[in-house]
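Note that the chains take the letters A, B and C in the order they are written out, and that residue 1 is the start of every chain.
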Amino acid sequence: MIVLLTDFGLQDPFVGVMKGVIAGIAPRAAVVDLCHGVPPQDVRSAAFCLMSSARYFPAGSLFVVVVDPGVGSERRVLYARGGRRAYLFPDNGVTGWLERTEPFLEVREVRDGRFFLPAANVLPKGGRDARPPASTALPAGGSTFQGRDIFAPVAARLSMGLARSRLGPVIRRWERLPFPSAEVRRSGIVGEVLVVDHFGNAVTNLPADGVGGGLVSFRGRRIGPVRSSYVSVPPGRALAVKGSSGFIELSVRGGDFSRRFKAVPGDRVAFERR
Amino acid sequence: MIVLLTDFGLQDPFVGVMKGVIAGIAPRAAVVDLCHGVPPQDVRSAAFCLMSSARYFPAGSLFVVVVDPGVGSERRVLYARGGRRAYLFPDNGVTGWLERTEPFLEVREVRDGRFFLPAANVLPKGGRDARPPASTALPAGGSTFQGRDIFAPVAARLSMGLARSRLGPVIRRWERLPFPSAEVRRSGIVGEVLVVDHFGNAVTNLPADGVGGGLVSFRGRRIGPVRSSYVSVPPGRALAVKGSSGFIELSVRGGDFSRRFKAVPGDRVAFERR
Amino acid sequence: MIVLLTDFGLQDPFVGVMKGVIAGIAPRAAVVDLCHGVPPQDVRSAAFCLMSSARYFPAGSLFVVVVDPGVGSERRVLYARGGRRAYLFPDNGVTGWLERTEPFLEVREVRDGRFFLPAANVLPKGGRDARPPASTALPAGGSTFQGRDIFAPVAARLSMGLARSRLGPVIRRWERLPFPSAEVRRSGIVGEVLVVDHFGNAVTNLPADGVGGGLVSFRGRRIGPVRSSYVSVPPGRALAVKGSSGFIELSVRGGDFSRRFKAVPGDRVAFERR
């Protein structure tokens, strides 16, 4: 199973084209969309998505992450093998938060251009019989769409049994976005908003476990104790709730916390023990 | 075939995670997205979607509906068997409109927690070999994402042959959103806007059949006779048209009715016989 | 493989319903979304999408294009066979740009209503055993959703082996949207913005090949030389770059060109040789 995570959105054919390339090389590969709504080039948001989602996918899944402010630079393309899943991603730190719970066993640089799409101006006539180009260079006709030219064909070939050792050399150092851990003090925990979701819930970095007696505040404003579900408060009321990814979330029952409180990632959140 | 209908949107990984959970349990299940663009917690909109769409899916399809203002409350999760399709949904009335044309033969409460995902803090190490937890309790680490923790795993297990009788007891009473039927009078029909679609078309509850001679009006403003296609009027002109779901729709040819007339669900619409 | 390209968006169940209809007729067909974010009825945008994307799909793919300002008019539904792929589309010119590189070998009018869905008011009881209606007429209950009633069932039947000759007669003339070719002058090339993508990049009709020494300008404002990747300029700076579809694109590194410069399709772009 190939799992796609990008910031391509669904307005354009970018995701569809990646699926076309994959189908041309690996017709039987199952391709699943994890999410394409990552804000453009927002590595932090993609890191959260990977950290909170990957463990729900079956062993053997190959995640393809294309959220990449540095596309076209010297920034490397990496392949990593975790305990039960594998990852193809740009070397920009995007797996940093995931690696806290799923440490990588092996990381390689994806370097062998024979597994990439041929240059844009020598396009394959059809997908299925597309052959690797003679050159190992990156596509000549513009290097802005590596999702199509590098990530998709490499993922497809891996799903067809290409040995990972052929991708390129094992590396020892790669980027890891540092996780902004909440600060545990005697009086409580001080943290921040990590991401805001589609419903307007603000997911924080305050762990949801072991926060029995106490109150959560948002930018100094008291929200209340940590609830275990939305219906603990009347409709329209703000609350702190044990979120589905293991962190405290700030919500409005039947409403949009982020809009009402103008919450954005980085906003200060605190839990005060009683 | 498992068919997903949610209000999760596609900005976040929620839908992707549900597919991950399903794939971990039922690797060969075909999963189709009916729609994830239902406005947050809008049961009425989801009811319309089910009513107008379900009949186009093959016999044996299992619909999974997660549009749920009451998530985490005492609100039950239900399984229903219609004549040719089956449904997994929260007991909030969302199937009420569908049941007018596809009455349910059997409805059960989904109660056996062994078929749910284990608690968030005892996450399965990998999908495929995830075992039901010993406890039958709901996930302990936050009950806000039942799509992932209850609906997806139960749907996957049903698609793998789990007998419905094992889900929980047959029930006799459940919620049904009442359909706002148009009022048929001697002089015509009086109704309302049910939903507004992506193109700005306002779908009404006025039946499209048997409305030969007469005029449609919107909030007292005359729109015109019922046309059978958009091209019956010049570009830019508003019209009433026999819609694809069997109701009269209000449209602007090549334009957006809802934006121009500020139409919203509930707005009054009338058909006057000549 | 059936590839869908529509302007339906993902807010409504339209795309899901098409997949339901296809699954009812051709349960094993692989269906891939190319894009559903084409702006409503924007034939030009869909033409660009087809032109730049089709070649990345495997031989034998069947593209289903439903972007159709003239739905319900006398406008015909066409089937075309290219060199390696096939197309089902409204006769509104949408394949015009694609045909420049993939000329059609045969074009037919899709006329035989036995392969359409039965009229909306004689809906199939279930998908799989849905039979063609006795009549060959278009659906009686509203002709506004041909994606569901014509395109989906015909595509599904083609994927099941229906001979194309049974669809309808070969035709010799059909609409082709003219491609707005850039004008090559002695001093350079003058062209325009074709489309704007999700990232705000403005894709032009200036070919990306053979534009070595020279400068690109946008509406008279100098942007700079043609770069081969975004990282050639500092973050926040506008640049012209060799785009992934073979044309020069205008971008802002880490930003949104279209928003900053209010770029829209049709805006004048020029390349001046040095």
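One rule holds in what follows: a contact is a pair of C-beta atoms (placed from the backbone, for glycine too) under 8 Å apart; a residue touches a chain by one contact, two chains touch by 3 or more.
For clarity, every value in this text was computed on a predicted model and none was experimentally measured.
Interchain contacts join each chain to each other chain, per the touch definition above. To overlay chain A on chain C by their CA atoms, one rotates by 120 degrees, a value rounded to a multiple of 5. Separating the CA-averaged centres of chain B and chain C is a span of 29 Å.
Listed for chain B are residues 10, each touching two or more other chains. Listed in rising order, the residues of chain B touching chain C in the complex are 1, 3, 5, 10, 30, 32-37, 49, 52-53, 55-59, 61, 83-84, 197-199, 208-209, 228-232, 241-246, 249, 254, 256. Partner chain B is touched in their complex by these residues of chain C: 8-17, 19-21, 23-24, 27, 40-41, 69-73, 120-121, 123-129, 141-145, 148-149.
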